[in-house]
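Please read the structure below before turning to the comments.
Letters A, B, C and D mark the chains as written, and numbering starts fresh at 1 in each.
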Amino acid sequence: MTETSLEPLVTEVDRVIIRFAGDSGDGMQLTGDRFTTASALFGNDLATLPEYPAEIRAPAGTLAGVSSFQVHISDHDILTPGDAPHVLVAMNPAALKSQLDSVLDGGTIIANADTFEERNLAKAGYAHNPLEGDDLAAYRVVQVPMTSLTKEACKDLGVKPRDAERSKNFFALGLLSWMYSRPLEPTIEWIEAKFAGRDLVIAANKAAFSAGHAYGETAELADHRVIVQPAELPSGTYTNISGNTALAWGLVAAGHLSGLRVFLGSYPITPASDILHELSKRKEFDIATFQAEDEIAAVGSALGAAYGGHLGVTTTSGPGVALKAETIGLAVSLELPLVIVNVQRGGPSTGLPTKTEAADLLMALYGRHGESPLPVLAARTPADCFDQAIEASRIAIEHRTPVMLLTDGYLANSSEPWLLPDVDDLEPIPVEFASGFNQVDEDGNEVFWPYLRDEKLARPWAIPGTPDLMHRIGGLEKEDGSGSVSYDSDNHAHMVGIRAERIARIPVPDVEVTGDPDGDLVVVGWGSTWGAIAGAVRRVCGMGHSVAHVHLTHLNPLPANMGEVLRGFEKVLVPEMNLGQLVRLLRDEYLVDARPVSKVSGQPFTAGELQQIILGELGGEDR
Amino acid sequence: MTETSLEPLVTEVDRVIIRFAGDSGDGMQLTGDRFTTASALFGNDLATLPEYPAEIRAPAGTLAGVSSFQVHISDHDILTPGDAPHVLVAMNPAALKSQLDSVLDGGTIIANADTFEERNLAKAGYAHNPLEGDDLAAYRVVQVPMTSLTKEACKDLGVKPRDAERSKNFFALGLLSWMYSRPLEPTIEWIEAKFAGRDLVIAANKAAFSAGHAYGETAELADHRVIVQPAELPSGTYTNISGNTALAWGLVAAGHLSGLRVFLGSYPITPASDILHELSKRKEFDIATFQAEDEIAAVGSALGAAYGGHLGVTTTSGPGVALKAETIGLAVSLELPLVIVNVQRGGPSTGLPTKTEAADLLMALYGRHGESPLPVLAARTPADCFDQAIEASRIAIEHRTPVMLLTDGYLANSSEPWLLPDVDDLEPIPVEFASGFNQVDEDGNEVFWPYLRDEKLARPWAIPGTPDLMHRIGGLEKEDGSGSVSYDSDNHAHMVGIRAERIARIPVPDVEVTGDPDGDLVVVGWGSTWGAIAGAVRRVCGMGHSVAHVHLTHLNPLPANMGEVLRGFEKVLVPEMNLGQLVRLLRDEYLVDARPVSKVSGQPFTAGELQQIILGELGGEDR
Amino acid sequence: MTDTLLTDGASDEVPPTTRADWQSDQEVRWCPGCGDYSILTALQLLMPELGARREKTVFVSGIGCAARFPYYMNTYGMHSIHGRAPAIATGLALARPDLDVWVVGGDGDMLSIGGNHLIHALRRNIDINILLFNNQIYGLTKGQFSPTSEKGKITKSSPVGSCATPFNPVSVALGAEASFVARTHDMDRHHMQEMFRRSYEHPGTSMVEVYQNCNVFNDGAFETITKKAVRDDMLIPLRHGEPIRFGSEGQFGVARHDGGVELVEVADVGVEGLLVHDETRPDPSTAFALSRLAESPDRPTPIGVFRAVDRGEYAGAMNAQVDEARAARGKGDLHALLHSLPTWTV
Amino acid sequence: MTDTLLTDGASDEVPPTTRADWQSDQEVRWCPGCGDYSILTALQLLMPELGARREKTVFVSGIGCAARFPYYMNTYGMHSIHGRAPAIATGLALARPDLDVWVVGGDGDMLSIGGNHLIHALRRNIDINILLFNNQIYGLTKGQFSPTSEKGKITKSSPVGSCATPFNPVSVALGAEASFVARTHDMDRHHMQEMFRRSYEHPGTSMVEVYQNCNVFNDGAFETITKKAVRDDMLIPLRHGEPIRFGSEGQFGVARHDGGVELVEVADVGVEGLLVHDETRPDPSTAFALSRLAESPDRPTPIGVFRAVDRGEYAGAMNAQVDEARAARGKGDLHALLHSLPTWTV
């Protein structure tokens, strides 16, 4: 597959990347979301990338206030929200200024011309109007007076002009829907449902939407009309899902599969809060959500619930994980099931809270005092968050251990079509609570030993309320077996070893080598870089090069075949949204000269960037 | 130097290892301490190893209640508190039972015979009296009815028999003082000073002490009398110092050398509390100590004080560091000086709070979210805690960064003779507060940029109260230079890089290779393993083998010559009191096949253990 | 489903137990003479009387001498980490309203590092019983001042005296919307048991402050009020519905004064002049005033239940939301959830 | 030594400033209409009147919308991490008693994650001025309930209503031994300024609760009491030394009742029957009772200074210990310290 040139824009293309950008108040996330849904229903494959400012409402019209939503639609399966957008919808000068750099040369810019007036230009830092003059000579510029056309469309509805203005994003949506032949029904139905009871709003939005669509048809935009055919995807039913929603649903599914109540102890933090919000709405699934006073209490309450026999979960982002470290260490010592979700964001400290980054891997592995190993997983795509939430829960329950699941801000908020699984095909998670004595003491009495281990080296999950099994656990070192507090040296050495061993022994699937396994170069990734790496490798292989791709979902323990796989390549490249963390692990574990490719800019990798890097690595072709 | 055999015990030996053991209430720490001081004043080189239970007062007479103190005295310089004790003083059956395993075959056991009666034997889990029969055939057993002799010695003093009994540790001390020809004066003076005002106590303790001494002379113990001559140490004035005291004094010195007030924000935790206690007594050195409500407030207050221009310090142990992680991340982002001391203890979780371990290295390096690098140092001996406290403060102040200083429970409580430095020889720590504008803005106005960097890439330390320099800092990403909040991608990438670079650039001294640099094997260590490794390497080299020793004080950044040094050896062994943490770092950084030697039993390595391991590594000799 | 496994305490008869049934096999490891012993005894003796079930009882604690408590009870127990017991107990009690969840901790554990969890637990009113062993010192770490140590206290970390005003735990609790607050002391088993029973019976979070002697690091801290010889004149028992009166001869009492309360002689004001104690006043102001009567616990000090109001327990409300959701929308259907956003079929 | 570098505010004349001097060059980034704007304006206008020095003034905050405050003041400032501002300010104020240290934070920042630091700061009484912007919601994270949200509140994280009883911040503070507690609201610049001035002048920790409107996620939370039209009848100004009286005609008042206080009509009880407000009562019980007058801030609610007592500031005491040590033992001599344990010479 090669880069699609949009010069000139032809009637049928295999894919298109559109970015909607405007002021935070302009409703760009909603517009992008609707366009995405319509495209999904139309049958395209797609991927999205929403971005918004850290402020709730940054000052209107400023660069800081720009909110954007990128969507990539195609007639074949795609892996990322795309590199440079083919089309930029700029609702104001600030949107144009902040996004222009990313637009593909020769791409199209659709600007809301009404907003390119003095005040807004000044706020965006433009000395003159870029729509006039040669600034945008490299692009195809379409100026549409969206605000006034929207007002015009609404003028007979009894809507106040100021209110009418608010519907201008639906004008843009209508226009784009015409350009890309999106179905109109879903959006109209959605407007009616969403604003039910607010008739004027419904009327205005529908009027604006139709007006936008009509504008495309009537104005001289004919040569902008493009068709992206539905993609040939595996057959089945699809929905468009974001990572946070998928993760929440994965937890619902884990509750369903285990038969346990899910107890979520959480404290709001961007970009993880939506998992809390989603689960709070799902009480009928026997889900309890508890908003704690802080992250320490959040994980503490989840641990308490786990002790009580529930599926204890806590969701947060980096700063929250830092705060939870001591309690997670307790969970390691207690050997109780617990799922900790870290939706990573830009750091250190408060950093870039609304941007993505994946720099918490080493913290996940090593961020606790003492030797306190735990399994670490990472999801690769929005939909994969569903699977990994189940996998994390399964490991936690089966092995009685806290498990850390890593996602990131990009996965959390972006979306992709998800081939819905058949619920009956999901594998149940067996739960066995201890129910009776498991040992005979010196005097021949039956007793219960809370640290007597099974073949997986897991101890019994003996929940309060069970007759006869009364026992005490705690963070002090305990004698293996009996669980009594023990300060004995040999026992401590033994227990430290057992805790390491039982995690190391957790079975994880071997890694697969994709791309071309016969070359010298392998690109190894984890987490959300999967799409960009897979895309880049696909492109490079398409160009005739031999490059392999290995993706790690399990970061601890590592797959058994990983060392062998790595040693089959001369060069190992590890792209990460950090300064090189997995690469440290690989070097340390396998003594291979893996080299980091870092991007720490709050943005995910694009396939194009990685393509260039891989090509450079292969010897400089195509640079 | 070879292992001294004590069979038969001769009149002059080059070194002896004595362990005092008894019930927590028996005053063993004090006895050991006094014996140590007397030995120090006598001129021996020495090293000590105190151990006590986690309970304040574990039940009297039980194994859990045993408290012990090991002291190694010698006529030459030594590196550790010794492997197996030559002499065990057992004040009760529990002490004998719990400590016997460690005593050297053929060693001497001095037992307080009075306590070997039914109740105490039962409490210790002895079915019969081990002093009778063959149990102790491998040892030279000296039974002394210490309790009754002490009571007897006190009977005319008007001391109640129960009170008199309490002085029995001084009887033991007197006896040992006779056996090893320790000077008596220092102890007598100390008794008088310590119990000033409590005349009966003074009288009883002195009487017991004399009685013990006399007993040695009059009883048939003549063949137990031993002399360990003073050691030939570098000339100068010495004091016997524990790691915690040395560390506290190092902080006092750092305040003195920088001219800054030291502000210690701390929350009590074993084994770090004594640093807080010691500094609380040193107010005249312009030291403020603040006991905060928790560890987070402790580090927060230290950071606040640092912002205000003081030398901000926080002291804690593992669980406390876990709690401080988020605030340390803020300090990384603020680029302010801060010293964080972690006196490591057995983990995970509450673990073995009174025992030693060194399993927090990876947490020190990676235990925060996002990319948040900071310098990490570790002290090697009790006295070295003084030097490293100064070094940590120097780096923090000069480079405006939080610095993590690692010690451990063993260093904290054990002691060694310390050749006192001349205060005037200590290098001053230059402090420069920003005092004026440092930039001109677009309009030609002078302004202050809080993130304008010097040649070390450190930003100005501009403390509140300074006219004109008003500025705002915070945990959000900021524009390099101006320090304004910035969500810009390129700036973030730049800042993440700068934060890494400025730590990586901190100059640290090259490592030295000791032992025999010409062999194939190098033993690499950090922290308190120094003594045991150095001792083992010395012994093995003494046996004619070629083994090198490299010790790392700076764990981040690593010394520039480290890679080259390591690559000069075929085998790299890394003994650590954890499951292998430095070894991960070395493998990762240098791709050398370094291998771990782990001991995680709450006890420091002994030189003997390492000697065996090294010999094994060299091909199995002497195993 | 947890329900299937567990006996439902409500339906069965509770088998009678004795003190021995409540004693675990662990050796008790407090210092000889520590006040913690008498609290333990009081509770172990009380449990059979309460008709509690061992397997339905859980003790959760943080770290400290007091926090060793769970090891000694033959129940379920968790000795967690410093300060976090109320948070962990919160999760447990929310998850398992069928259990009796007790929290035990020291003044450092509960009011220093754990202060926030304590006040939030009180505000939420989840059904847990919190026993705060106040010895005005950090015992386990060998004697530093605590948030209840008196100003000027000389300890290892305050060699010339601490500079901080202490908390009054009862005032803190009342300021945090506590629905049940009581105080007792380790020298009076009967009174302790009465308070523990009330705490056990209270629906919602209950906090009992227990004055506890640490004979090693803060010996005699409460001696001036709890010693047998002075007790009658120094402890002011609060009894619901009765005028607040004390003294060996009942000669003293408590009356309202200037918005607070003050000590009076009954001879001066008459019994009618005394404040009649009412634990159940919806307004906590009088309870608060009573908590201020003794500036520090070396003057005449009220003990007993300061406040006991029923204001809706949290776990019940939370679990009711789950039940209501299921009643309204039926048991969740995973298939339907996955198909709840727009879908399309290829 | 820091002293040499710093101007000593006490000795020099303070140069007069204007509002503009206190405005930083940063664009203010709250939502249009947010109550935070009026608080900022009130303070920026007040600063010149207080005669404060910009370089001696520091604003420390945590995270939240409110916590953006320091960026907008042309003073020293630190936007720290969520909940920790009181702890950081504590260190700063202990280190530098010459500074005016202000802490700004939201109800989540200060009472949820930061609750413990807040109550300990109040208890210790270090000279910091804490402004708690209470909008009864988490603004920055886009609308979850906070510890001051009313029970039953419907938010993103409580779609069928929160189950928790809220804190009353004034009660919490009084329970935590606060020496100064006041309340004001974002609709009355003059009153805000009066409270901020009092907070500034108070020696010790002062807390001012500011009812603040979050027009995006919790619009109108305090409308029923702060709207101009109803304000006279719904806000009860506390004025030291005056009978507590309010209403457009002064027709209402507050009187003592059953240990608490209650609303009365002046016509019924007469002015003599009204409670005369005394901020300086050593016993906080009346202040506490006043904090309970309105069960929630949609009924007649007291504003003003609830309590202002001088009970010894912490930093002064702590620094005096250093001075005393130096007076008694002389400036520390490092050489002597190193030789203070037994030494021997080789």
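Definition applied: contacts are C-beta pairs under 8 Å (C-beta built on N, C-alpha and C of every residue); 3 or more make two chains touch, one makes a residue touch a chain.
Small disclaimer: the values here were computed from a predicted structure and weren't measured.
Here B-C and B-D are compared, and the pair linked by more C-beta contacts is B-D.
Among the remaining chains, the Cα-based centre furthest from that of subunit D is the centre of B.
Chain geometry summary: the mean Cα position of subunit B and that of subunit C are 39 Å apart. If you average the CA atoms of subunit C and of subunit D, the two centres end up 30 Å from each other. Each chain gets one centre point, the mean of its Cα atoms, and the points for subunit B and subunit D are 44 Å apart. Residues of subunit B in contact with two or more other chains: 64, 283, 293-294, 319, 326, 329-330, 334, 349-350, 474-476.
In subunit C, the residues that touch at least two other chains are 63, 79, 81, 112-113, 115-116, 120, 147, 160, 318, 321, 324-325.
Of all residues in subunit A, only 53-54, 64, 317-319, 321-323, 325-326, 329-330, 332-334, 344, 346-355, 357, 359-360, 362-363, 365-372, 474-477, 487, 489-490, 492-493, 496-497, 499-500, 578-579, 584-585, 587-588, 591-593, 599-603 touch subunit B in the complex they form.
Here subunit C touches subunit B in the complex through residues 27-32, 63, 65, 79, 81-83, 112-113, 115, 138-142, 144-145, 147, 156-160, 162, 216, going by the rule given at the top.
Contact residues of subunit D toward subunit B in the complex are 1-2, 5-7, 24, 26, 54-58, 60, 63, 70-71, 73-81, 84, 87-96, 98-99, 116-117, 120, 318-319, 321-322, 324-326, 328-332, 334-335, 337-339, 341-346. Subunit C contributes residues 112-116, 119-120, 123-125, 147, 160-161, 163-168, 171-177, 256, 258-261, 275, 281, 283-286, 288-289, 292, 311-312, 314, 317-318, 321, 324-325 to its touches with subunit D in the complex.
Residue ranges on subunit B touching subunit C, taken from their complex, read 55-60, 62, 64, 267-270, 273, 276-277, 280-281, 283, 289, 291, 293-295, 319, 349-350.
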